[in-house]
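Below, subunit A partners subunit B and then partners subunit C, in two separate complexes.
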Partner chain A sequence: MLKAAYRIAWKDVAGDLRRRATLSSMLFFAISVLVVFQAAFEPDRKEAVRLLPGLLWATTLFTTLVGLGRVFQAEEEDGAFEGLLLASVPRGVIFFGKWLGNLLLTLLVELLILPLTMVLFNVDAWTQVPAILGILGLGTLGLTGLGTLLAAMTRGARSRETLLALLLLPLTAPLLISGVQAVAGVLQPDGVVAPWLKLLIIFDLVYLAMTPWAFGWLVEE
Partner chain B sequence: MVRLEGLQHRFGQQKILQGINLEVHRGECVVLYGANGSGKSTLLALLSTRLTIRVGHYFLDDIDVNRYGDMARDRLLFVGHHTHLYGHLTPVENLLFFADLRGLDLSESRLRQAIDAVGLSRSADKPVQWFSAGMRKRLALARMLLAEPLLLLLDEPYSALDAQGVGWLNAMLNRYLESGGAVIMASHDPERVAALPHRPHHLARGQLSSMALPGESEPC
Partner chain C sequence: MNILKKIQLPLGLLTLISLAVGAWYVYQAPADFQQGGAVRILYVHVPSAKMALLSYLFLTVASVLYLWKRWEGADIVAEAATAVGAAFTALTLASGAIWGKPMWGTWWAWDARLTSMLVLLIIYKGLMVLRHSLDDPVKGARATAILAIIGGVDLPIIHYSVVWWRTLHQPPSLTAAENSSVHISGPLLPPLLILSGAFILLGLYMVTVKARQIEARRRLDALEAARMHPDE
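This part shows the complex of A and B:
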């Protein structure tokens, strides 16, 4: 079953790297957001540290939305989604594979935009990079988990990208707030991190426990 | 091997299938004829587990498919109007994807053998997006050689195939039936099906009835 999930993720990631479709859009979008923010605020170092958590999570959220809008795009052609559902693996495994592919692409973008953000905003917090990446990664687990489910749900809708954003933003608000507070805690000398991390983990567990089951129910006809 | 008891299906208020009963044994091919919209594709979608059975029973190899859909999917293969192929992948990669999702541990040479058997060896490493409809159909049918299912469900299998492709498909289906596999096929093409030993059935107003083969008297 793990092999099946891996193969679905491989198909999405390798296919995307080959076509340079989703990843390049996500990266282009993330860089544009950061450049616009930098030009708009021109923050000094102190202000930049205060802005960085929100900036990072806003960029992550918008970039994730770009990726989620295309997560089932490959399945649009020639009934490929139906083909997935006819596989002799539980539907939860199919969901896991789709989520994993999306997660890997999003993590890759985060890995690239974090140093770029720090350079653009002149934030000298390089020693905190592993901790910030860890928090971003932790939040991205839940964000992409719920997002993949909602992407499957809105797959056939005419204005699916708008619908996806409308559903994802309120449902992931608690996770995003926890993520922003946890990064802020890392960047400040006397910052509080642990309770926000615990909340992030709880939201991840809830989203990731619920979504494979909900996917199976969602695709039943 | 396949047993359908009182299968019914409706879309909204519209009844599509009403009390379908059918038995298909090993080595048998049942062909479903009927006008457009008579429910042939719906019946195949139910048998493939793509649609959920709400009323009636469906047993495949003594497995209650309503309850154990995952197990049943392991034993059947559905090739419909869509080929379920990914355009950005090559035939080898598409078959590898299919094999992994089905839990088959196959070497690349085995995959290439199947591609060769359907006459696509020269295009084995080209993305499928450049393939014609007939080539895509052949590749979809190559899955059958890898999966060796107990039950093969085919929806208009001859569409998009040229004369050579039809001959090749019928030869492959004959070998498959001789090896003990069962086929349920929807078709509008009795001439092409004639090369296969089969039992024709007619689907009309949601009901299935057996038909006589050409040269046979009508069944009682």
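This part shows the complex of A and C:
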């Protein structure tokens, strides 16, 4: 079962690593978002520390949207999506596979964005990098889970990228709030992190439980 | 859907009467000693806020029924409830802003309940857009129903996350303890209760009208499709 999910994920990740299509467009999109933030706010060193959590999460959220727009791209042509559904594994497993693939790509991009952001905005918090990455990863779990479901939902829709943003952004409000607060808590010496981590985990668990089931309903003929 | 046709007129009349009675009570109610006449805005604000959430509950139930039983009627009611809920949410935000300007000194504050309401409005909008951007109406209906249920599970999480995040809005006045400063009592209470009831009727009436309209629209679409492809 898990092997099937792993195979689907690996097909997407390996395919993308060879073509570097999604990965490089996500990365360069993230860089341009950072340039926009720099031009818009021109933070000095002190402000940059305060803005960093929000910057990181806003960039992650927008960049995820780019990746999600392409989750089902490999299955667009020649009825490949229907072919995938014909695989003799539960639909939930297929969903986990697509989710895992998107999760790995997004985590890879985050791994590159975090040091880049800290360099570009002159934030000296290198000792906190593992903690921040952990929080980002925890949030990305739920974010890509919900996102993959919404990507499946908007497959074949008109102006799907706009639709995806419209649907994903309000639903991920708890994630954004708790993610930003948790990273801010890590950056401050007397910051509060635990309750926000709890909220992130609740969000992840809810979507981990709900989305495979919802995907089954969605693709049922 | 015949039942909708039957109940529309009596329901409409009942709504009209209860709204009129409520309006009369609001007119008779004394001005608040701190808020003055502006307190009357709350007789619209509070019931419409209740309806904004109640419509979502209604929408979730209709969506579950549609996915489970495949009744097209449930889908039509869900679509109608989405439009009605969005209208009440917008009314809540607008009346709240008008009340907030003299009372809080600002149209808007990023307070927990205001933020949740704004997010709710975007979710309603998303549901409307999703339904119409898929070419196959059955796929659109199913995707919308699933999204509605996900939103229904997400809304409490959104609410609690913003409550933790910031809180300025006063606690609910109806259930507040009697000695609390925001407790509502005496002559201010009857109009609020009557109007809450009237707004529930109004919401049901709006859903009825909207559902009949949607049903007619779908029948027209089906006729049009049959005319364009007579051999299918």
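Everything below uses one rule, namely that the second predicted complex is superposed on the first by the 221 of 221 C-alpha atoms of A that agree within 3 Å, B and C clash if a C-alpha of one lies under 4 Å from a C-alpha of the other, contacts with A are read in each partner's own complex, and residues count from 1 in each chain.
Here, a residue touches a chain if its C-beta (ideal position, glycine included) is under 8 Å from a C-beta of that chain, and two chains touch if they have at least 3 such contacts.
Computed from a predicted structure; not experimentally measured.
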item: Subunit B versus subunit C as contact partner of A:L104, first or second or both or neither; value: neither
item: First (subunit B), second (subunit C), both or neither touched by A:A74; value: first
item: Which superposed partner A:L167 touches (first subunit B, second subunit C, both, neither); value: second
item: First (subunit B), second (subunit C), both or neither touched by A:R7; value: first
item: Which superposed partner A:R19 touches (first subunit B, second subunit C, both, neither); value: first
item: Touched partner set for A:L85, first subunit B, second subunit C, both or neither; value: first
item: Intersection of the subunit A residues that touch subunit B with those that touch subunit C; value: 220
item: Subunit C-facing residues of subunit A, complex; value: 146, 149-150, 153-154, 156-160, 163, 166-167, 169-171, 173-174, 177-178, 181, 195, 199, 202-203, 206, 210, 214, 217-218, 220
item: Contacting residues of subunit B [partner subunit A, same complex]; value: 48-52, 70-71, 73-74, 78, 80-89, 93, 96-97, 100-103, 136
item: Parts of subunit A lying in touch with subunit B, wherever the complex brings them together; value: 1, 3-4, 6-8, 11, 15, 18-19, 74, 77-80, 82-90, 220-221
item: Sites on subunit C touched by subunit A in the complex; value: 67, 115, 119, 122-123, 125-126, 129-130, 133-135, 142-143, 146-147, 149-151, 153-154, 157-158, 160-162, 164-165
